[in-house]
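Before anything else, here's the structure in question.
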Amino acid sequence: MSQPLRVAILGAGMIGEVHRRAVLLAGAELVGVMASSQARSKEVADAWGVPQAYDDVEQAAASDADVVHICTPNASHVPFAIALMKAGKHVICEKPLGISLADAEEAAAVAAETGLVNTIPFAYRFHPMAREMRARVQDAEFGAVNLVHGSYLQDWMLNPRSTSWRVDAKAGGPSRAFGDIGSHWCDLAEWVTGDRIASLVATTSISIPQRPAATAASFSAVESDAPLIDVTTEDSACILFRTAGGVAGSAVISQLSAGRKNRLWLEVDGAHRSAVFDQEYGEQLWIGADAGATVHFRDPNHGSADQRRLSLLPAGHAQGYAQCFENFVNDSYAAVRAHAHGEAGPEGLPTFADGARAAAICDAMLTSASDGRWVDVKE
Amino acid sequence: MSQPLRVAILGAGMIGEVHRRAVLLAGAELVGVMASSQARSKEVADAWGVPQAYDDVEQAAASDADVVHICTPNASHVPFAIALMKAGKHVICEKPLGISLADAEEAAAVAAETGLVNTIPFAYRFHPMAREMRARVQDAEFGAVNLVHGSYLQDWMLNPRSTSWRVDAKAGGPSRAFGDIGSHWCDLAEWVTGDRIASLVATTSISIPQRPAATAASFSAVESDAPLIDVTTEDSACILFRTAGGVAGSAVISQLSAGRKNRLWLEVDGAHRSAVFDQEYGEQLWIGADAGATVHFRDPNHGSADQRRLSLLPAGHAQGYAQCFENFVNDSYAAVRAHAHGEAGPEGLPTFADGARAAAICDAMLTSASDGRWVDVKE
Amino acid sequence: MSQPLRVAILGAGMIGEVHRRAVLLAGAELVGVMASSQARSKEVADAWGVPQAYDDVEQAAASDADVVHICTPNASHVPFAIALMKAGKHVICEKPLGISLADAEEAAAVAAETGLVNTIPFAYRFHPMAREMRARVQDAEFGAVNLVHGSYLQDWMLNPRSTSWRVDAKAGGPSRAFGDIGSHWCDLAEWVTGDRIASLVATTSISIPQRPAATAASFSAVESDAPLIDVTTEDSACILFRTAGGVAGSAVISQLSAGRKNRLWLEVDGAHRSAVFDQEYGEQLWIGADAGATVHFRDPNHGSADQRRLSLLPAGHAQGYAQCFENFVNDSYAAVRAHAHGEAGPEGLPTFADGARAAAICDAMLTSASDGRWVDVKE
Amino acid sequence: MSQPLRVAILGAGMIGEVHRRAVLLAGAELVGVMASSQARSKEVADAWGVPQAYDDVEQAAASDADVVHICTPNASHVPFAIALMKAGKHVICEKPLGISLADAEEAAAVAAETGLVNTIPFAYRFHPMAREMRARVQDAEFGAVNLVHGSYLQDWMLNPRSTSWRVDAKAGGPSRAFGDIGSHWCDLAEWVTGDRIASLVATTSISIPQRPAATAASFSAVESDAPLIDVTTEDSACILFRTAGGVAGSAVISQLSAGRKNRLWLEVDGAHRSAVFDQEYGEQLWIGADAGATVHFRDPNHGSADQRRLSLLPAGHAQGYAQCFENFVNDSYAAVRAHAHGEAGPEGLPTFADGARAAAICDAMLTSASDGRWVDVKE
């Protein structure tokens, strides 16, 4: 085995832990960590058995790490990413890529200039069966795409006492449900079809007008008893769109659909076949045809090359979300190793350009919801 | 048993047969029939063992029938219905209620004036579990509705050699997929929620620009070898909407989604529960809650009163589409019998007012698709 | 149309109504009825608009009916059927074919002698997708059968206050769950595979030792408050078996599996494919292969000839149980009409020989459960 | 954090890798490895970055490891485990616990004497929803268990060119399908119900009489072109059983059910509820009741304590098989740490006693299949 990559993680909350886990499994060497304070950085470094505890991003930028994972609060994503890339670090940055389109575009521009590896975890691309869907949708046998539709539904914000920093536009940016999960849906839809959303019309809803001020972590279902503040970001958003290729589409995004935990559902209807990927049943792919529907299972022994490559377990032994994330980090690291040899990394990695793309779609969505008209997505 | 109702059927094609079946099962007396020609009327009357064979609608209007079923081509629906109501007949008229909004409004106005029973087969209302959904969605425990979404997908027009009279706007009216099946979705959504679509924005697609001229019956999958004509009605339509109550919604309507045979899917997300009815699995209703999802089965022994009333078979012995239609005809006849006593008929019957409503929504959809803006639905 | 068949129905309870419905839909002429008493026969004849009200089976045997449906209590099935066949009537007899193997064998023998049409409603054979399963399982592409397994689960006897005449072996014969629903499973398994259960080992359970004495109709979930009696027939039965062809199999039969309404599930595993029919989702058939599973929908436009023949509605418009029963009666009548011309009727009809077969399997099951050993099924 | 546990792994094949992954994630220190030869041990130690490469089990027994994972070929499991326990090592031993009942009993006896931690990966116990099932089945609300049934179906031996060392009884022990996967089913059934299989009757089948001699790894679908040998172990097995508590049950075990990848399905029917766990859809648990069925999702915020404890990801983000295995190793290590303080470890760990139990059931199964009679399972 070649020398392991040297890796640092900025941010030691729940999501930092998820990254650490993937770092370990990827066989990389975790050399440094930065947490919410100097004292906390030292504590975490000790707990994780990591040599370097950074006081600030500058120390991380000056370290001997090859790759830095950014898992800090959203507002810091872009400044940290830029500082690190300017110091020559490859960067894996958590979603979203900043809290404005301008931010995201700047990060993407710096990434393009430096030529360093830059990825963001649109992790659902790493479900083997999402790869299978992409291979099949882009295959001639599928036929031209006629329609793209689906939804991404959760219920963790259904309780009026649930909250997150994103309920307040000033704190977390002007979009919540769409920015948080709609972005995943759009990324997957564009990536699977190889087509882009060119224009859209949207409507958004705030069903719960006040919520507790944010103090708890995302995904926590703990009811907050903090004082109420006005909610200024959407609980749900619906969009219609047209792609550059002229295809119509529709998506429903909601964080208050009772009983829906993480239902990212994408259907693509083509001239000969249809395809459905449902993230909650991510071990399978539904392919519809006139004479019946076929359910393909994730399987290292069957299907498209990339699906097989990312299938780490025998069929019937579910991989799950954590292994999507591992696949994402493995491929990011493979890109870093390829970069060292001037080679291209694995196909299909979500980059800062994709992060900027998500921001552009979100911007158009907000403009349309506000103005009540079709809006072009900035290219 | 009281004297059976005297019933006539106009139109003896596939759909006329469906009505005849329901007439028989309802215990009514089939007294007359009109088919596509005088000769054919006599043939059918003979084959069905029916005494009267009508040459034209006037003969039917002058007959001793209590109720007339109109199963003739669409353009005749409204003139026939009006002629019959003016002659004092109760009318069960096939969908659509004419081929223009003006037609439908006129029929609804005459119906209102005469006070006769007037129904149209939005048959999915008669799935017992659609009733169950309605009862639950309108129950306080469900909470205020936050979002209404879904789709109605078929694939019978996926084959470029498939056709129907509705591919040509001049022959079948300006909308195809939406008028044919989108109307069912909207009717069910409004009826289940008790709320109305106030405004909408739409986009439509014609994916197959030419098809054979219509000669074959609807639902037939026989490939036509007729000469090609330009398709001028939509293969698919997507809408976003706002209800009178301020709720956002979305629907995807398509006749070319491979592998989808008749997938009417309606989800309503409320403040405490969500509900899903999927017509292809019409024996069950999905109710989502934060702590899990419950699947309720059609069951004469459990659930809401109207579901139990329409559950004609023990749980687990699927009723299917034909028994929806029987329920519709039974309730229409019950309304006729109630009318004779100056009483109200069963709740939930789809009437000409509902048919006019469907035409108004379709009109708004077409206007929006053409103009690219939000359009109010005429009340 | 040829002269309609002349039909009589003996028994005017819930199941008699089911038959009447199918008679009407088949276009036959209902000429006579016999109910539980002379007075009741007259009432029913009046209510149904039927000319003849029989006092006893002799009158029915002497009538001008072509076909007689026997829907009376079980103990009368065989004597009535024999009396009617000896009078030259074709007979459609409700399940079970008597309450002992000897009874059933006698009925089958008389049927064979007279050569008249004799059928019993193993109605699940008339699910189009059960036909599809049979066609596929017996096709060379499926490969030799390796394993046959499944279950038939209901919950209507889960409530200790539920009862039926069959809880008491003296009243309804020595087997309940197996005789009632296990017989359907075995019939379907043998019919689909074309192989026969040669020997079996069984275990039965009575989970609720006392229940109210029977007064209510089967399928009723009304809680009885009748005095308790000892239950002497099984609530559930499990069998292992070997077929004449040497294939192993297993079935679990239960009337107290909570949440299971009528879950007849049959899986056949072959050398190249597997197949599953689940009655509660009877519009589809699951075919497993190494590379994925295909779900075939009932569809008049696709699949095997017999499936298409029995598909009376377009795909996606569920047929349900009632149309199984209609298919059964239609095919029985087609056999009667064919008999008049000395021709063979439709393939696949369940006859008295199949009823006797069911009795033989039930007998072996009871013997094995009692003796604790493998028992051969009488041929 | 306390000092990490020191861990060694014997066996560096596919399953050894699975263990290594869990070791890393558990935060333990991997100190040594033994592979198939001295040279290979050194290679693996180098590749994994592990300090100690063992020549034989004695070196491992003499090392400073706290815990040793045994992932070597089956015949070595018991001798290695005994040697290691006698040297004071805690042992995590792959399934099966030896290749005979005597072996397994000896290992369990030594484990009991030494009092060291001893576990075997009946990993499905660590699906959070299997825990949820156990909690619910053993809850009073469920009611007394009436029936236990299900199946464990795979298709990886359907291809006549597929093989494993287990096709030959001399090489891999006298049972294949049952020993390999039936053991999991029985363990789960007993563990979930808290009841034990007291007696059983079985039938086994060898559908493919000859296969290539084993050379390839298990789970590999590579077609072997090795010379054919006689297959002397079962492709499938069916059992009926009675538990110590008097409950009847049934299981179908097969490795040649086309389209079934790893379908462990367990249904328990109780006096008030039924419960189904289907491993391929392991994120959910089906609970049946008379009035409907509820689908519970794995969810750190809802459900029983142990399910929540083992739910490492938010609901809707599937955990999968790998995280079952991690949970198993984590709990095994927790038991080791508890042992150091004289405390009890986590509840629910599968131990050598459970491995011996599996061997006893397998023995009874083989005896019954051979003798054709009910056989008591040795306690």
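Residue numbering begins at 1 within each chain, and the chains themselves are lettered A, B, C and D in the order written.
The criterion applied here is as follows: a residue touches a chain if its C-beta (ideal position, glycine included) is under 8 Å from a C-beta of that chain, and two chains touch if they have at least 3 such contacts.
Only a predicted model underlies this, so the values are computations on that prediction, with no experimental measurement involved.
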Worksheet item: Greatest Cα-centroid separation from subunit B: which chain?
Response: D
Response to the item:
A student comparing A-B to B-C should find more C-beta pairs in contact for A-B
Fill in: Inter-centroid spacing, subunit D versus subunit C (mean Cα positions, whole Å)
42
Worksheet entry | subunit B and subunit D: spacing of chain centres that average the CA atoms, whole Å | 55
Worksheet item: How many angstrom lie between the CA centroids of subunit A and subunit B, rounded to a whole number?
Response: 42
Practice prompt. Quick one: report the Å distance separating subunit B from subunit C, using the average Cα coordinate of each chain.
Written response: 35
Worksheet item: In subunit D, which residues are in touch with two or more of the other chains?
Response: 260, 290, 292-293, 297, 299
Fill in: Footprint of subunit A on subunit D - complex, ascending
1, 4, 21, 24-25, 46-47, 49, 154, 156, 219, 221, 260-263, 279-283, 297, 299-301, 312-323
Discussion item. Help me check something: in the complex, which residues belonging to subunit D touch subunit B?
Written reply: 290-297, 299, 302-303
Discussion item. Touching residues of subunit B toward subunit A in the complex: what are they?
Written reply: 144, 146-147, 149, 151, 153, 155, 158-159, 201-205, 207, 235-236, 238-240, 242, 247-250, 252, 254, 256-260, 267, 269-274, 286-290, 292-293, 372-374
